[in-house]
Amino acid sequence: MKYINRTGALSRVAGRTGLKGFDGAPHLILFIITLISATVLVTVAAFLILGSLQAFRVIGIVEMLGGTVWNPTSFNNPAFGMLPLMAGTFLVSFLAAVIAIPIGLGCTIYLAEIAHPKVRAVLKPAIELLAGIPSVVYGLFALLILQGWVAQVFGLQTGYVALNGGIILAVMMIPIMVSLAEDAIAAVPRELREASYALGATRWETMRSVILPASMSGIVAAIILSIMRAVGETMAVLMAFNQTPLLTLDPFSGVQTMTATIAIEMGEAAVGGLHYSSLFAVGVVLFIITLVMNTVANRIMLRYSEAYR
Amino acid sequence: MRVMSRNAREKLYFNLFRACGGLVVLTLIVIIAYMVIGSLPVLSLDFLTEPPRRANTAGGVLTPLVGTIYLMAIVSVFAIPIGVLSAVYLSEYQGKGWASHFWRIVVSNLAGVPSIVYGLLGLALFVTFAGLGRSLIASGLTLGVLALPIVISASREAIKAIPPSVREASIALGATKWQTIQHHVLPYAMPGILTGVILALSRAAGETAPILLTGAAFYMSSMPDSIFSQFMALPYHVYAVATQTMAGMNGSPVVYGAAIVLLILVIGMNLIAIVVRKKYREKYRW
Amino acid sequence: MQRKITITIGVVAVVIMAAVAASMLTGGEDKRTTIAQAGSDTLLELMTEMSESFSEAQDDVAVDVTGGGSGVGIKDLIDGNIDVAQASRQMKSTEIAAAEANGIEAVEFSVAIDGIAIVVNAANEVDSLTMEELRGIYNGTITNWNQVGGADQAITAYGRQTTSGTYEFFFETVMHKEDFSQEVSQETGNSAIATKVKNDAGGIGYIGIGYANQATGVSIVLLGADADSEAFLPTDEGAVYSGDYPLSRHLYVYTAGTPDGAVKQWVEYILSDAGQQIVADTGFYKLDADTLAAMKAKL
């Protein structure tokens, strides 16, 4: 009885503060904790944007996003054009995607449709484990071993080129892609498959004309999310190729990605200075790119989860 | 143009897919094999119990390993309670309105933000603005912020998977909402939450970029003596030995050894998470 | 039953984590004073070895060493984040002013002498360059080895990241503050440059002599101030001490204020015979007697 009374009083207070359906102290405590985590998460975005304002204001948003030279520490004419960095990120992510998508999808189909259930029971968790390998380990492999192979296979003077990064990023992307895409295929209702077999289709025909189209949105979302990993990766790209902020799409050239730029240059940039702020601006652009990719992937994913309720 | 029969074509495609699967497995085996073979000369228990020597080119990984454990401890203290309780609030108390939708979007997007951006934030917010300097606490909080969305979304998933009937039964018996959460929702969601927490911790343990900017040291002659001192950490140790010492660049066993210890730590945690999840998936089938 | 086990595991894990956290707060039995030092990557190996042998020599003081580049170390010293900065260049006037604004008087100590080595791939037949040619390679006007008397092969130039003191020194001494070519790769350490040059037939890079002495698969080229003057190697001790080698420089540590207590002990150790022997062991040059005396007088 006492308890109910107490809650009643609290509840009236809560009603005024806008907490609907209030039921006691735990509610309030949880609400406060949620507010704390909300503040933390919002601070991430706010701090980034606030930090970048100076650069966007002084240099100008057009110059920053469209400028073709990134040379912030130049003595005579510092330049803050982000285009070379964006091109670098695009190039290595694109190379990674080109390599990872066919292999990843092939592996997904094998895992989802062909592999013996016992093999799948081991392989699926194993691939999930591999998605958790720290990027610095992949970076180490690219730095010490893979570059030699790349140089040899393509007859290059040096293996520290964008392609080296593309390959190692592809290796990092595939486990994520396979894991998510396999979930999407597994979500296709059995009835569809059985109906197709009943019509006399072979396994491959069923897969190609029924299963894959039905799970396409989930697969696309898996691809986007795995590309996101490549775009946001720092250590592997830092270790895999020569860091040169060139505006190029040549896979046999060194490039500099947005992430690597922040990692290399942040240490010294004076707090509050233009260089410091411009690195925040790079962070904001990176943030927006991942935001867009994530939103698109979520939209697509939502569609596929609603399609077969 | 039907050169091949339907079955022959199927066989061709299937073999192609098998090859893809085989290639993925092979790549990963090759990478791990290189690390293992490279590290063989140093792999022993001594490697874990000795600090690095001779400018990180000899000795073991004790100091970096301890640093990484300290970091995980800070992340646990900071991100887990807040993350899990926020998830409880968001899924049990908050309705299904726009606010709930908004939070789902915020959390899912922040989980996808590149780790270097968290490093940038940690440097600006914790190291400089809050005046914590390059320190364990600054790096730990940075990793905590990185882990928070992962903990929240995993916990929400786990709580959401509990059927409403469990809650309704409890409330029908006169339990308050909090009692229901305490005695029914949380215990049933615990395995899922635990899985998410372990995954978040292993992610924090393996990240290099955020601690690169917020306090990892190349060399420390002793363990960190307070949360305000600098620290060595395994992932940064791998990076630093690999790029800053001649031995590392020449593929010294020490660098592979450090990578293997990191791999075992992170993969081990992931493995525990997978086992926990599998076990309880079988147990609670709604 | 199983639920209880899970909860137990969870509780145990939390207790362990809390215990670790508590042990961090209370500190270990180690009651040594810790000096935080950061900065130059060139000095990283030297200072780490110095710190190790310093720890063996006495029980009161420990030194933690971080890289990042001279710029990072100096900035941290200015911000009061660290006790000692290691630098491969001198502080700029703007940095000294910033330190004074924060109430920190940075005191400079030379600790070793370095000749920055210009290294090329071991297979490269070019064995001598002038400063002018070096500038051309790094500003992008010379892009092929046949322009400087070598084979027909594209040049890949490796340099340091902008936080590096070696970068600054090179920027001023070789480039005369003109822009580097955008094709120069920014490497985060001396050893990264050495290894990439080793793996790149057309590679060229600049690294501290301590690293060049250890590197394999690269050769050090002779460097002359101009076409008419004699060219020297950075391994030529006399030429480095006299400054005839064009890229000779001092390496420094900076302390916040005149050192006392633990920091004083540390600087004394660096300048001691044992400390200077480590300088030589890591491939750099000991301070000459005059400089050494002048540094000791500053203490």
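Order as written gives the chain letters A, B and C; numbering starts at 1 within each chain.
We adopt the following convention: a contact is a pair of C-beta atoms (placed from the backbone, for glycine too) under 8 Å apart; a residue touches a chain by one contact, two chains touch by 3 or more.
From a predicted model like this one, the values you see are computed outputs, not experimental measurements.
Between chain A and chain C, the least number of touch steps comes to 1. Chain centres were defined as the mean of their Cα atoms; on that basis the chain farthest from chain A turns out to be C. Here the chain pair with the top count of touching C-beta pairs is A-B. Between the Cα centres of chain A and chain C there is a gap of 35 Å. Here the CA centre of chain B is 33 Å from the CA centre of chain C. Inter-chain spacing, taken between the CA centroids of chain A and chain B, is 15 Å. Those residues of chain A in touch with two or more other chains are numbered 267, 271. Of all residues in chain B, those that touch two or more other chains are 128, 243, 249. Within chain C, residues 79, 187-188 each touch two or more of the remaining chains.
Put simply, chain B touches chain A in their complex at residues 6-7, 9-10, 13-14, 16-21, 23-25, 27-28, 31, 34-35, 81-83, 85-86, 88-90, 93-95, 103, 105-110, 112-121, 123-125, 128, 145, 148-149, 152, 176-178, 181, 199, 202-203, 205-209, 212-213, 235-236, 238-239, 242-243, 249, 251, 255-256, 259, 262-263, 266-267, 270-271, 274, 278.
Considering their complex, residues 3, 7, 20-21, 23-24, 26-27, 29-31, 33-34, 36-38, 40-44, 47-48, 51, 102-107, 109-111, 113-115, 123, 125-130, 132-141, 143-145, 171, 174-175, 178, 202-205, 225, 228, 231-235, 239, 259, 262-263, 266-267, 271, 279-280, 283, 286-287, 290-291, 293-295, 298 of chain A touch chain B. The part of chain C that touches chain A in the complex is made up of residues 68-69, 71-72, 75, 79, 153-154, 156, 158, 161-163, 171, 177-179, 182-188, 196, 199-203. Looking at the complex, you find that chain C touches chain B at residues 2-3, 6-7, 9-10, 13-14, 17-18, 20-21, 24-25, 27-28, 30, 32, 34, 36, 38, 41, 44-45, 48-49, 51-52, 54-55, 62-67, 76, 79, 81-82, 187-192, 194-195, 211, 214-216, 282.
Across the complex, chain A meets chain C through its residues 69-77, 84, 147-148, 151, 157-160, 238, 242-246, 254, 256, 264-265, 267-268, 270-271.
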